[in-house]
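Quick one: the structure is below, and I'll ask about it shortly.
All chains are identified by letter, namely A, B, C and D, in their written order; residue positions are counted from 1 within each chain.
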Amino acid sequence: MSEQVIEMTSRPGVQADELPLNLKIGMAVVIAWVLLAVLAPWVTPADPNALDLDNVLQPPGAAGLMGTDQVGRDVFTRVVFAARIDLWIGFAGVVLPLLIGVTAGLFSGYFGGAADALLMRVVDITLAFPFFVLVLAIVAALGPGVGNLIIALALVGWVSYARLVRAEVMVIRNAEYIQAVRTLGFNRFYILFRHVMPNAMAPVIVYAMTDMLLVILAGAGLGFIGLGVQPPTAEWGAMIADGQPYIEEAWWISLFPGLAAISFGIGLSLIGDGLARMLRVSN
Amino acid sequence: MAVAIGSGDALLRVRDLGVAFAGQGAPVTAVNNASFELHAGEVLGIVGESGSGKSVTLRAIMGLLPATASITGSVRFDGQEILGMDPESLRQMRGRSLSMIFQNPSSHLDPLMTIGRQVAEPLLQHEKMRPAKARESAIKILGEVRIDRPEQRAANYPHQLSGGMKQRAMIASAIACRPRLLLADEPTTALDVTVQAHILALLADLNRSRGLSMVLVSHDLAVIAQVCDRVVVMKDGEVVEQGAAGKLVTTPQHPYTQRLIESQPGRLAAVAAAPTVAITDSPLLEIRNLGVQFRLPRTGLLRPKALLKAVDDVSIGLQRGETLGIVGESGSGKSTVARAIMGLETPAQGDVLLDGRSIRAGRLAGQPDFRRRIQMAFQNPFDSLNPRFTVRQTIVEPLRKHRLVPADRFDARVAELMALVELDPRLADRKPGQLSGGQCQRVGIARALAMEPEILIADEITSALDVTIQAQIIELLNRLRSQTGLSIIFISHDLALVRSFCHRVAVFEAGRVVEAGNVEKVLSEPQHPYTQTLIASVPEL
Amino acid sequence: MRISVMFLALMLTSIGSIASADESPPGSRPDIIRIASGSRTLTLDPTRSWNSGDIETFGQLYSRLFRRDQAGNLQPGLAERWEMSADARTYTFHLRDARFSDGTPITADDVRFTLLRMRDDPEALYSEPVSGVVDVVAVDQRTVRVMLAEPNVPFLDTLEVCFLGITSRADVENRGPGKAFTEHPVTSGPYRVREWKPGDRLVLEANPYYWREGFPRNGGAELIEVIDANTRIAMLLAGEVDAIRQLGWSRAESFRAQGKVSVPLEPANLIWLILLNHAQPPFDDLRVRQAAALALDRQAMARVVLRNLGRVANTTMPASLDHHLADFPGWPYDLERARQLMAEAGAAGHEVVINIAAPSPQMELIGLILQAQWADIGLKTRIVKMDQGQEVQRLMDGDYNASINWWYNENPDPDLALRWAVCGSCGNRAYYTNYSNKEVDRLIAEAAREPDPALRRVLYQRVQRISTEEVAQIPLFYPPWVNAYSHAIEGLGMTPALQWTLENARHLR
Amino acid sequence: MTRAYWLLQRLTQLLPVLLGISVICFALLQMIPGDPARIILGSRASPEAVAAMRDRLGLDQPALQQYLTYMSKVIRGDFGESISYKVPVSKLILEHAPVTGFLAVYVIALAVPIALILGMLAARYRGTWVDHLIRMLSVLGMTMPVFWLAILMLRLFSIDLGWFPVSGYGQGFLGHLHHLFLPAVSISIWMIPVLVRNLRASIVQQSVADYVLAGRAKGLTERHIFTHHILKNASLPTLNLFGVLVAYLIGGTVIVELVYALPGLGLLMFNAILGRDYPIIQGLTLFYALATVVITLVTDILSGLIDPRVKA
């Protein structure tokens, strides 16, 4: 029984004890933002929406860590509270299309047939629309706001996931372990969700990180052209846009939310990189 | 062990070669103190199982090891020390003085470059030939390795060639600059046995006609014995024995060499222990006029979609307690038959009967009883297990889903099954990535046995395994069938293995059964020309 | 490698292009005036648009029977002389010898065509002010007579409005309005169209047949559409344009201080206000409307939003119009009374939706302040920002509670302004607020017929007083135009009626 | 025969996609609140004027009839007339397309060579400071919002240094190059990292491929192996990504066009959406879709030229 010497092989698998460095840094940044967002009311000195018309456009310093904006709101407080919204847009704007796309891709890729052909046409059609233009059109149609933005992102974003998952599933469904469980006589849906799906998720998760960055940037872009969140909600893109008319006299209004968005984006990028490395997926 | 090396006119002399790879922890030793030599015109075989260090040795000789490898000892080629040579001089030697071919011709040829150019590349690089001349020479060399219509083939891309052709093209590229030494790393392992015979013949011919010296590395002792003058046996990075080919095979000294020889499929005594089977008119499983077709993609607007008859009018029966061998080369339809029985393919015609009752193929899932009675084990040990499931999860799943045993008995049943396939119970919580190939294959069998089947379809289950492990698996199946009366359909490309393990055999060619019957009878007195070719192609020890 | 060669070539050409561009920086050709505006030119047909970008454009293309001088006084335009009949119902205009940009004479027939087209074309937007025109008769080539149903004192002011620029009957009828106003329209004003790139710019060249001797003082102009205010500013600072519209209130102070460009605050017939829907609770109750007005600290708002560039509004009418009720105090900031009124009305806790058209940073700011200050009297508010299309739609459908808005008047006469803003029977339900006061409507109609300026003043001031007290809308402030001009030009400015004085402009040597 | 057939197949797949796009686009427009007639005429228009315009535009007809009327015109090459400008949509698109087209080509010309060089450097010096530096810059470039970057560059290069114009498209080829430099850089800064990461990953993946080892065994120089084998193989996935990016680019320039006041398709679309100019939105959408499909087709043909396996 000499062959029962345990051989460690180089096959794909998650090794929890050796997280890549960029993943660790990225996680630290993102977790820090998540904590800030969750603890926002306790870590900030003011009410994010409280106006103080006697204290407008105060520079960072005595009036607050990051100064005050054009109606006297505390910029630091708003940057922190904005994380709640931006993180939510990033999260929901990715999770919703992910759920739709993964489900569609799973069924389409696994069962094939006419539904698959139809789905792929729908995907082709959706992809032929330019992403930002389509989001813009849908938001214009539904009206600005976080909820509508997420709906728009879901309507447009799911196709990428569907395509990604479908491609994975078409490979996995021919893998021997799927053949093997089929010969065991399990229910098709059971096989699909218990065996196919978990193995098809690695590239999806890696893509989701990049997508989250894209979503947050798209949200900020819409905020910039005035179709983002509803006032007085604090959101980084909208805050940058709000600060634009004051850039000469009060650079801090735009700068800090910009830095916040960039730091969070870097965190996401690093996680994406790290996950790609760990899960051996090329993005 | 230091082996005394005599005369000084060796073409290649390897002495105390050691290779270790730096990793996260302590360096891993891949080759330890290996010494051997090769004389001009000689063919030296290196045999060993996976992890024995035979391929690493070849790469060390070529100077192709990655920077993480630390190499000690000495490798002299034609009196010149290769280890520590500056990279540029070494590069100039590669392809010109010594050359190498690899196991998998598909991946070792650049898919985006024509065969002709890939053969011409070394000529352009080393002999600074003009492109037109290099092309001309390349075509000539392709002819020399017996590629027909070499002019046309030179313009082809690798994907347009068969596996054998690709291996020939790789050989052509390796010998283009007329090197003195060819290192061949498992050159026939990925090929069908008939193709293997041709390639081996070609190599032998090159050795003879060009005086090309060779080091042939293989896991297959029979192949080595057929082609080589001398043989080196490696195990766990060390040379355990070396000597003249004939002598080593007949009178092996080292226990490992002895075990290697005993494990050769032709020498397995399994069938001797197998119960004899009565051939009756009512077989347990009967395949009647089975046909499976695949639709090929349309190639032209007005052309209909072509049909590929993967299985064409096949009829065979499996008796209770019998082991039926199905042999054939890749693409012969042998796996498709198995998949059709299991309902993984929908037959275009014919039927499969179990106990005289029809299994409407494709609807097996709706008939749990039939489903349980027939189970299947797969070829690729790693790919046939869900990489995210532990051994326990894999085996428990059918128990739970089909309520085969009460939930509180799961652990006990898993332990039983693992014991049945001789798996260490401590492995229960490991995932496939942490298991060896043989262990994975045992898990796959245990999963099939969890269903308590009467019939096990074993589809090339040992072809990815080392011979000694193959022997263990065969031994396991043998024990199972005698203990439980399991009937087995044993699909394999290895005639010797089938011969030593099966009662009857069916020979497949291009989707049809060309010959079937008692295994001894068919293999010793083959009637069909294809069977004859097949048998003639198998290298023997 | 080929790629690096390509890259090198690209770098060289970009460097080359920088060098070549330096020789003639844009905007340096002295006779072309370039203006960047955030408003769009949508059409060149003066009957078809009320969009501010088009208003900026029309005046440059089409001359009217009258024009206004720098002081804002009405002066003869294409009409050299005019007479009014004793019953004030018939006007006779004597045209000067003027020509269209294609060289054909501007005749009485063209005037007739222009006025009747505005009155009768179903898609003509400015038909209401000329609806009292019974007939127009071309007495001869140069004499035109206009008959009104009843006396209309501001009629001459109306004829000065940019929408009533004279267009060529022959051309419009020959080419059809589709072609005549999209491809090089025949113009009667200081400029004609050299090239129109919708969505980008309108390139004008001097009309050689323009009737005013020596005008335009430049060779042409480019009206460039630039949506983003930062980009407009950057263009002005980089010398790419000579003037920009809408510098932004927040920037005026610092740019004036810097002195790199000139930022005159030019008076405007403009008012910013809050529209309240009188047809829906809670603003159907006068006490709630009054409370809403009293709760606003408009001084603070003017300080924070308008940066004190203009005055707090005291009536429902722009202060720059004639007969503005200047000494009226307007609504003070009185939280106590506001709370009391809210209590009387029992309206506390009502949720109010404030509609805002995006993108407008100023409106958002006002919305925020509104939200904070109305919260003090127990009005809960939700700000709903939507694109302009939807905002207009909701407004016109009466589907709103409150909307932050502005309007401006085309001339200094209060007639049109008050018909627009507070008249319940003039077609737009008092700016879609559903405010309706029979007396106000009657006073407005009466004032239009009243020839004595002193009496008109009394009537109009009564209208302002009533409508302000009844809170037809909540007036916020009277901002000026905040445009910025390069020091390199002179003569360019903007009239209170949103007209560039482009024909006077020229580059300083 | 096979290649022609493959091409034909791709082209026939195009039709249902375009048809689907037109249907979805039309349906979407029907759902958008806001009456184009009212929006264009403005809040001061009389109900009669609005009704007259609705009638002229056929907005009161059933949706299906509107769609059929529209499509029958489209087939004859008539994309209708802009509601607000009253100018043929095709004319508007043709006027605005060169700007976006030039910008896209410019971005490609800037981004591709740089991405190639950086990708190769990062792969070649994998794990060294060169690689880490390129990686950090990539992350930064990808994360920086385009509008943010655009504003910063405007301030620095156009106002403070005066090197590049703030706005517009310029005259002549050199003028275009000069005017569009900053916009092109703004987009490139985002696009280069995407390409670099992809290219680096594929080069790394290809450089451990078996054929590379075989090439070494033949004694080929590292340089030869890299240029003739690795790069060619590694370019395939990057080429596909590149196609996706170019398609994205054509529709993704809205914000850049807004910030740099470029009269391109993005700006046209932006204004059309806000102004409810249906014919422009529909025409542009079809144009975008066509462009996307053509780009994908070109990418496929290109990868077919590089990779003989594609159309086998």
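The rule is simple: a contact is a pair of C-beta atoms (placed from the backbone, for glycine too) under 8 Å apart; a residue touches a chain by one contact, two chains touch by 3 or more.
This is a predicted model, so every value here is computed, not measured.
Student: With centres defined as the mean of C-alpha atoms, identify the chain lying farthest from subunit B.
Tutor: Centroid comparison gives C as the farthest chain from subunit B.
Student: Could you tell me which two chains share the largest number of C-beta contact pairs?
Tutor: C-D
Student: Averaged over CA atoms, how far is the centre of subunit C from the centre of subunit D? Could you give it in whole Å?
Tutor: A distance of 38 Å separates the two centres.
Student: Per the centroid of Cα atoms for each chain, what is the distance between subunit A and subunit B, given in Å?
Tutor: Once rounded, the distance between the two centres reads 45 Å.
Student: Compute the distance, rounded to whole Å, between the mean C-alpha positions of subunit A and subunit D.
Tutor: Spacing between the chain centres: roughly 22 Å.
Student: Taking the mean of the CA coordinates per chain, how far is subunit B from subunit C in Å?
Tutor: Here subunit B and subunit C have centroids separated by 85 Å.
Student: Subunit A: which residues touch two or more other chains?
Tutor: Expected reply: 140, 225, 244, 247.
Student: Where in subunit C do residues touch two or more of the other chains?
Tutor: In subunit C, residues 230, 387, 389-390 touch at least two other chains, as defined above.
Student: Per the contact definition, I'd like the list of subunit C residues that touch subunit A in the complex.
Tutor: Those residues of subunit C that touch subunit A are 229-230, 248-251, 254-255, 297, 300-301, 303-304, 356, 358-361, 364-365, 367-369, 371-372, 382-387, 389-390.
Student: Enumerate the contact residues on subunit D facing subunit C in the complex.
Tutor: 33-35, 38-49, 51-53, 56, 81-82, 84-87, 92, 95-96, 109-110, 112-114, 116-117, 151, 154-155, 158-159, 162-168, 170, 174-175, 177-178, 181, 258-261, 263, 267-268, 270-271, 273-276
Student: For a test of understanding, state which residues of subunit A touch subunit C in their complex under the given definition.
Tutor: Checking each residue of subunit A against subunit C gives 50-51, 53, 56, 70-72, 140, 143-144, 225-227, 230-232, 241-242, 244-249.
Student: For subunit C, which residues count as touching subunit D in their complex?
Tutor: 3-4, 6-7, 10, 13-14, 16-18, 20-21, 26, 36, 40, 42-43, 45, 48-51, 122-125, 127-128, 178, 181-182, 197-201, 224-228, 230-232, 234-235, 237-238, 240, 387-390, 392-393, 395-396, 420, 427-428, 432
Student: Going by the contact rule at the top, pick out the subunit D residues touching subunit A in the complex.
Tutor: 13, 16-17, 20-21, 24, 28, 31-33, 135, 138-140, 142-148, 151, 197-198, 201-202, 205, 237, 247-248, 250-252, 254-255, 258, 266, 269-270, 273-274, 281, 285, 288-289, 292-293
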